[in-house]
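Got a structure for you, written out below as structure tokens; questions coming shortly.
Order of writing sets the chain letters: A, B, C and D. Residues in each chain are counted from 1.
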């Protein structure tokens, strides 16, 4: 996979899903050729299971004598031909995306994302960090970012106002991604729905193993020889959303729970960073319970 | 890890588990030093969870002026000191071990083990292969080995005699390992009990994900990004026995079930071969639901 | 990646490389749409380094009302438009491909490929096996295949006639792949040239580390923590041909050379099997010293 | 592997290497048993190549009624028995270790180590960071640490005073590890000698592939399918010191050099963090050009 880093690398990125039939690629690529688009990266997937077709195409922005809005308008006619079920986006890679992070006490994913942002590695700006504990405020502020503290009451039945406050703080930025970077509160169904396709969680197990709380304790008890992490979209069903990325690391009998926790952090950081990057680069297309990832 | 392949490499291998307390290593190593034992390989594990201590020590047989039986007799006094719960074995690596394979129609694990045996890579002899289908008889016989066909009735309630026949055929060899090399019949509880610690299964998923039938179909439906295989001891609870070894391979949205099946085979073969090897070299100590693997 | 296994899965596969310019995808996909081709799998790569464009497209054969020869004829006009440098093939997946294996004494890659062929997993027929030692004749013949013994003189200067004999035996099958499955003779430059793009070697190191003889000994001496294997096209420069696939496995201080040899075999088998499969499915496009692999 | 995190976890750690002979384990473990030492972790390695024996043993500090200095004095008698070549250390895990980092412009390894230190994951204090560019001063200071700027002249022949200044700044802390966290100056031989066994480098390739400058460019040109990183002790011969840890990540034809650089960073961070941790926990024993790592 290749990522733009300079103005020369500016791209227009089309992501599209539609019921499969003959001629879709021809229609799209003819359109792109007619506007002069030089294809830098292209990927296709015809899914025999669902009967859908998915594609992502990145064209050099400098090869097209149109703005992204003009291109969108022009493409609408093509999308109409492909039928009403067609889902598509056209993005300008030079339009900076926005991310809001939700955190609790665990610092490693936050540190990792802040470090990547500082190193220019994250294709987005971190607009704000919201925490239900104060612990991580200092590191966020040391990076010159805003930390919002939203305390959560102990009684789950009374957390509505806190979630409401989080929603307001997040929505103020209209972010492309709401990242639960080891945020230890289960989102209510209405927030899952509201941020559908944008709320991304890192779960500290190789799902569907060890759903729910304390997955490393579960892994230790079962005696597995690998532990993992899963980056997935958040849905109302706990830990069951479409999976974006997973990875594992080897453990053995000498690893206690705290060792699994420590080693697992490295996998959590990597898996979240990869999944978030792909999401922000419009490489992830969701269909039903599953994802197509053009990594 | 190092494996004996010549007479010079002949080893006496002690595997031992006992409730932990100070002085166990000193007691054992002093014993080994007194009989002149040159330690080639040694591994220890103190498990804070169970309070048990485990060790495996391989000494050069040529350094000890005793037979394995004399050494066993001598060590009995040490084991007695360590207390009545102590479990131990002392093996002579030159005593060839025996394996019986159970198969159905899937050929890949069988081919792999036969190839390893032919290449001198398996530290055991394959005494017999038993199948509930005839499909794999030819390749077994081409390797000069005996194939026993034991047909299984469709009605699970009527399979008792078939299992009885399998038991007879297996037990005739008093094997160190009974390998379910993609054997598609669930062993009855009494056979699990009878072969406890010797019956080894390869399950085609990364347990505890996708217990039971058609795990690749389950993996496809869930949209996981890695598929795996698990080598474990067989117990009465399905796919829940102590895990010896696991590994995974990356898949993506373009992989259909049949692609997962094909790619998964490579992992199944590797995981079973590694797990079986460690079992045969007395590297696996079972404690409760978990294993200590001195690989 | 997805692989055909039934008549319904029969595909026509286009592989093409050409200097990059706008409109190539449109031209090809319009052609495919005009003949009714339903695209099952498509991959593209624009290489900014060389300025070339590469694609592989698999269409359902049943969607096109032409024979493969008619389709080739029809596509010639498109290829002409793309310019004289264009390199392309159109393959019918139902046309069975042919493979010849060259072996010496090491059995594991041969066993592995024979097992895969017997299991219907290899998308080709093994036409013959040629060895410069007799050791592997029995297993080849047990699989009902022909083994040719071609002894090689000790003096490298006198090996010309033996290579000539090997060439005759190989060329009699006009194979799509000549696999050096741990064949321990260095091919002369003229044979490398003659079988260019078809001769595939498995080297037992992670190239470019440890070129030449006894790579596991080199790896042991250097104290690396991973060992690997490399599947590559054979060229006149030793171990320097375009790399198709590589993989590694972890070793540690306790692994002696013989342990590396044993563990390395598993990686050699996997890497060769994957590389050969991709080659046979027209997924590998060579350009200069490098490959594009649409796996 | 298990790591101490609380007072209860305080350990005395013995690391020892000596020419192998019968009775070493017995002698050491008898000594430990006599002082009441409860062994928490123990590892052994007899190296047939060099004829040396290595061990690392961690005992619970609370089980021994001695200070670490008294224990060292007591063990001296044992070490004397084992002979004059014996090399050993006895460390108290509660004695905080010191690390100095050398950096240039690349930020990722620095960010990663600072994040781990802030998260309490690094078993040491970062005493100072020294850079030959100013770029990384702000992040260091944001973590409340001291940054020393030591500019290096362009002419390599005139860098002596700069290296002298670095040496002074480092030695002021008498650190257990001097980490070249992507420090882009080659240490002179005298500094390699002076910090022998303490200076740790992260090289951005899977050594011995791609020694020297711009390894990702070399990897791209060769068309390898995996890229890697190597953590090793610094010696006078460039990139040839004893390897502590290595790992790799998969790349493909679509990855340009900048993609390799980006993805490689994740491996560099992991490999350096693992290697440094093992070094600080006295898990790495150097013998000749190689390491024994009791991870």
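To be clear about the criterion, a contact is a pair of C-beta atoms (placed from the backbone, for glycine too) under 8 Å apart; a residue touches a chain by one contact, two chains touch by 3 or more.
A quick map from chain label to UniProt name: A, B, C, D = Formyltetrahydrofolate deformylase.
Treat the numbers as computed from the prediction; the structure is a model and nothing was measured.
Counting C-beta pairs in contact across B-D and across C-D gives the higher total for C-D.
One copy, subunit A, sits rotated relative to the other, subunit B; on C-alpha atoms the angle is 180 degrees to the nearest 5. Farthest chain from subunit C (centres taken as the mean of C-alpha atoms): D. Look at where the CA atoms of subunit C average out and do the same for subunit D: the two points lie 41 Å apart. Between the CA-based centres of subunit B and subunit D the separation comes to 37 Å, rounded to the whole angstrom. The multi-chain contact residues of subunit C, meaning those touching 2 or more other chains, are 41, 254, 256.
Partner subunit D is touched in their complex by these residues of subunit C: 45, 47-49, 206-210, 220-226, 228, 242-248, 252-254, 256, 289-293, 295. Contact residues on subunit D toward subunit A in their complex (touch as defined above): 1-3, 5, 41, 107-108, 111-112, 114-115, 118-119, 121, 139, 142-143, 254-256, 258-259, 262, 265-266, 270, 273.
Residue ranges of subunit A in contact with subunit C, taken from their complex: 20, 22-23, 25-27, 29-30, 32-34, 36-44, 46, 63.
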